[in-house]
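Here subunit A shows up in two complexes: once beside subunit B, once beside subunit C.
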Partner chain A sequence: MNEIILTPKEQPSVPLELLNVNPDTVAGKSIDEIRQIKIAHGNTEVELSEFFNVKGESSENPSEIRIVIDGDVYNTKRIGYGMQSGEILVKGNASMYVGTEMKGGKIVVEGNVGSWAGRDMEGGELIIMGNAGDYVGSAYRGDWRGMSGGKITVHGNAGNEIGEYMLGGKIEVKGNATTLAGIHMNGGVLVIHGDATTRVGGEMMNGTIIVKGRIDEFLPGFKYHGIEKNIEIDGEVIDSSFYKFEGDFAVKGCGGIVYANASKNGHIVP
Partner chain B sequence: MELVKDVPCPFCGTLCDDIIVKVEDNEIIGTINACRIGHSKFMDHKSATRYTKPLIRKNGSLVEVDMDEAIDKTAEILANSKRPLLFGWSSTECEAMGIGVNLAEELKGVIDNTATVCHGPSLLAVQDTGYPVSTLGEVKNRADVVIYWGCNPFHAHPRHIGRHVFSRGFFRNRGRSDRTVIVVDPRKSDTAKLADIHLQVDSGRDYELLDALRSVMNGHEIPYETVAGIPRDTIYQAVDILGKAQFGILFFGMGITMTAGKNRNIDAGICTIQELNQFAKYTLIPMRGHYNVNGFNQVCTWQTGYPFCVDFATGYPRYNPGESGSNDLLQNKEADSMMVVGSDPGAHFPQKALERMAEIPVIAIEPHRTPTTELADIIIPPAFVGVETEGTAYRMDSIPIRMKKLVETDLLSDKEIMEKILERTKEFIASK
Partner chain C sequence: MEYIIKNGNVFDPANNINGEKIDICISNGKIVEAVKDSAKVIDASNKIVMPGGVDLHTHIAGGKVNLGRLLRPEDSKDFYESKVGNKRSGSGFSVPSTFMTGYQYARMGYTTAMEAAMPPIMAKHTHEEFLDTPLLDKGAYDLLGNNWFVMEYLKEGNLDECAAFVAWLIRVTKGYAIKIVNPGGTEAWGWGGNVQGINDPVPYFDITGAEIIKGLGKVNEMIGLPHSIHLHCNDLGQPGNYETTLKSFDLLKNIEANPKYGERDTSLHATHVQFHSYGGTSWRDFESEAPAIADYVNKNDHIVIDVGQVTLDETTTMTADGPMEYDLHKLTGFKWANVDIELETGSGVVPFIYSPKSPVSGVQWAIGMELFLLTNDVNKVVLTTDHPNAGPFIRYPTVIAWLLSNKYRTDLIENSLHPWVQKKTSVATIDREYSLYEIAQTTRSAAAKVLGLSETKGHLGVGADADIAIYSFDPETQDPSTEYHAIEEAFARAKYVFKDGEIIVKDGEVVKPEGYGRTFWIDSQYDSELENKVVEDVKIKFKKYYSINFDSYRVHDEYIRKSSPIKLS
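On to the complex of A and B.
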């Protein structure tokens, strides 16, 4: 694996956009050429080297490239946009749209990320060690087709409307999620290890949501199907007792499933 | 004294067009038919706090300057910004808005309107689920079930109920007695007091109630005894009444667009209306606030494809409320200059956004002294649309209405000011 190391100089108050800095777009370029890649800074374009020191070694083959952002890029958006192969490692926080429209490869962010991480993701793996904002694995505004493949893991907490219009793939949140998790979900698997407050699976048509923590209040549009033990999802057995719900009957033809941990959710059983 | 008839009122989105204004010696001396707020709009256009000359803040205090200097300085600030924000627009004419969108494109800036803190979530939901609308005329002539959800027109749109619910219509010739009025509101508001049925939903739990209504319409039994504070049996009865209507209308306001769930509440609301159409004719109309807030969404959509929060940074329009909204840009400290036209964010934005407004250059195109002009570095006073100058405005049901000019003024209109700023900005950008 050849590493290209981008060390941030400073984060300006008007955000940067690394729309075209991923292993696929830098493959075959020399380090000097990478320094000259144009990135967006507000309504202007600047060279990458204006805000990042660039060193390391590139490769002809994008799957052999790992881009390491060696520092905090809390005001840099669209890291790994449309990425197809290779790896990106961010050793700090990142702003909105990490891994948006990602098709392959792997992104690891050691800190927190802003909203729309993994929006419209089709494949690959996105790992966030800290917290994520709203709309993890969601759809573009107005679209009814969200994340369709790949895997997103958030080790911290996630915000509102995660998995919005999700079609496929898997999202795993190790911490808590706030309201409207799995809203309009049409497929795929959403696992929340912590609590999920309210409106879990609102208007969901299909797919599976597993909440291992507490759901404060459940929607009236779901039908209760009793207790299920040791459920199997994607070939993995989850060793616990769950209340099984089907819905959301607010939507015609629905067949979504929500499993809520039986030891914490007695209050939502009718 | 001259009586000017059929004057549209430049206050709320009801855009009443039956006002009679009494004019004498180029002064408005009274109105007939207007509500108290509309009346004061006509009467106070020349109040003591009205600006008549352009002002620029020099050494901390506002100094009178000529129009050329104010336009020059405005264009210079905007042209030198990396992320200029053009905000407001809801209390001006569509023609000025159109030039504003051109200016945003020229500047590669962001243009947004007051919907961002009002019916923006409705616009998002409309994109997700559709927009089954009718006109207010259809409501008056046909509606036999009227739902007001999360709004209090008795105070915010004072003549709305009188003009469309109490009034007699072609198929509702007894007026109010031919209609069932349902109000959904956590408070016993004055509108709720006029209702036949008041569903006193728990605050911020409209989504749960809508979910229950839709599920029941789809033949599902509600598993819980109460939903959002409403007993299960009441929800069944409500669905029964809704289903027996001939023509139903849902009016909705801030109480549902700006409470927990925001666009998802409206998404569920629109779907409820769509599903009610399997039983009866149902439509909806958002209770728009400013008289021409809808006009901006119309203009912006036909020029850019998006209704608000449009970001031209890359040269083509991008759109994502949550990133490109005024509050997002101000609170994230992205915006480095701001022009405010026809609105007062100084009075309505959260503290954190105002802190950013205090840090960056702010230009206010504004007739009166407001909290925004207190934060402004440049103030350019325009003629008052609907009183001193004419222009086009869109009513809440998207019907365009021509605003009238009632009295003469020396001031330039918003449109003329925008034209001058656009022209000067182009020169600045060309010289860079």
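On to the complex of A and C.
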């Protein structure tokens, strides 16, 4: 693996967008050429080197490139946009749209990220060690065709409406999620290890949501199917007892499944 | 500035010019006999020269268009253009923003576009969007087919009062024509229903679609409007609706055209007829009845149609036909927006995907093509996609190429479209190809004539506005029938476009983005005494039912950048 190390200088108050800095676009470029890649700074364009020190070694083959952002880039958006192969490691926080439209490869963010992480993701792996904002693995605003593949893991907490209009792939949140996790979900798997406040699976058509913690307030559009033990999802067995629900009957033709941990959710069972 | 366009192959059907090499002289925004030696020469050798395109049915400004933009942010995701110099940025594939609308039409050589559905109470909004729609001449049709006043006057048989009301309303809203959408059906939708066919009475008003169509058809000629009534028939998009369509057409048969301006000789313009030419009883036995419709158009002289050609794209449907949009939402499960527009009309917006692989979409495509190809006289059939309902207007070059090339159509039918296209329609058996002359008719002269604008639009004779499109395609050496991708590209990005004698597009790019066209509107009064009486009646209803004050209804001159009233004497 060849590493290209981008050390952030000061983060500007107007956001940066690393739309075209990923292993696929830097492959075959010299370090000097990478320094000159134009990135968006608000409504103007600047060279990458204006906000990052660039060193390391590139490769002809994008899958042999790891881009390391060596510091906090809390005001830098669209890291790994549309990425197909290789790796990106962010050793700090990142702003919105990490891994948006990602098709392959791997992104690891050691800190927290803003909203829309993994929006419209098709493949690859996105790992966030800290917290994520709203709309993790969702669809583009307005669209009804969201994340279709790949895997997102958030080790901290996530915000509202994660997995919105999800069609496939897997999202795993190790911490808690807030309102409307899996809204309009139409496929794929969403696992929340912590609590999931309210309205899990609102208007979901299909797919599976597993909540290992507590659902404070559940929607009325779900049919209760009893207790299920040691459920198997994607070949993986989760050994606990779960209340099984089907819904959301607020939409016609629904067939989504919500599993809620039986030891914490007695209050939502009819 | 004076120009002379030399050596082009000119297609100007209104003046019977079919590809001949004629020099076009331009001075002060008009086409003139001759220009001074100092005139700038534009070399159009090996190129097509046509009048600027005229779109007589499009949805580009106003309440429901903007609702479409709000409902569909994803429509802008991958389709946008940046600011370059004075050219503004914009976005939207099927519902583009206002500035981009102007630029996109201009790039294709279109210079006039009419907004086909303006609720009178939304007139200010429509004109405000026109203020930001550059380059085009434009106008807007007032929705009147579900208007309470119209229905009451017609119910009581008060045609004179109705004419006085309609003339007043078109004048104060700065509208251009009478638009009728699903007559009676949108009002019935206010009660949660719809009307079926033309003889189903509207709740409370107890008047039928047939009575509304015929009544407004008469009123149109009593006022003497340049355009005929512009009719979106009942039962849009329903299998088996062609019978309703033919019955609706027949209502206007004995009404004589009486325009006080322009050269129109027809009493009915039926719009997006593709959506109204369906046979069968359900989507399972759905089939084309376009041959029956085309046969009617061929045999009758009181009618002009436009097609509403399906372009096989993901698009946004939007119409004042509220109940139809609700049905579409239930059918597809796609998101839906609905608006009730007080005493006047309603509207709905739903995204739609015309997939080539879908049997129904394929048949819809074929029905549109049949209407074009089975109508003998191209002066009776105008090219539209009912933008954005059957497809965005930026696909006009593709539709033109389909009409010019049987090979292009055959490739599509055999390789991309569902087998239903060959089973349920006759399109595969038709090998007719339009000539470039006929393309100029269906996109220019026929539209200008039925709008009543043929004095200055849709032709290149002396006295016409110098709205001219020049396309890089040599009809002497190239054959559009085989080189259909070349003609498609040529019509998508014109070599030059003149608007009022100025070059606005060069090499497919907008070079004069800051120009603004006229807004046509009809300044007429049917009978001043009667109008005063009618307006008193309107004022009472305003106080009682409207959400705005009467004085806020009128569209003031400030709302129009370049006013072009047509005064009817």
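A few points about this structure:
What we mean here is this: the second predicted complex is superposed on the first by the 270 of 270 C-alpha atoms of A that agree within 3 Å, B and C clash if a C-alpha of one lies under 4 Å from a C-alpha of the other, contacts with A are read in each partner's own complex, and residues count from 1 in each chain.
Here, a residue touches a chain if its C-beta (ideal position, glycine included) is under 8 Å from a C-beta of that chain, and two chains touch if they have at least 3 such contacts.
It should be emphasised that the depicted structure is a prediction, and the values quoted were computed from it without experimental measurement.
Aligning the shared subunit A places subunit B and subunit C in steric conflict.
Within the superposed three-chain model, A:His41 lies in touch with subunit B and out of touch with subunit C [touch as defined at top]. Contacts of A:Ala250 after superposition: subunit B is touched, whereas subunit C is not reached.
When the two structures are aligned on the shared chain, A:Thr179 is found in touch with subunit B, with no touch to subunit C.
When the two complexes are overlaid, the chain among subunit B and subunit C that reaches more residues of subunit A is B. With both structures placed on the common chain, the touch criterion links A:Tyr224 to subunit B but leaves subunit C unconnected. After the shared chain A is superposed, the part of subunit B among 60-68, 78-86 or 132-140 that runs into subunit C is 132-140, by C-alpha clashes.
Shared interface residues of subunit A (contacting subunit B in one complex, subunit C in the other): 141-142, 144, 251-252. Residues of subunit A touching subunit C in their complex: 139-144, 251-253. Residue ranges of subunit B in contact with subunit A, taken from their complex: 81-84, 107-109, 124, 127-128, 207-208, 210-212, 214-215, 218-220, 222-224, 227, 260-261, 264, 267-268, 271, 275, 312-314, 319-323, 332-334, 336. Those residues of subunit A that touch subunit B in the complex are listed here as 13-15, 40-44, 96, 115-116, 134-135, 141-142, 144, 161, 179-180, 183-184, 198-199, 202-203, 217, 219-224, 247-252, 270. The part of subunit C that touches subunit A in the complex is made up of residues 71-75, 77, 333-335.
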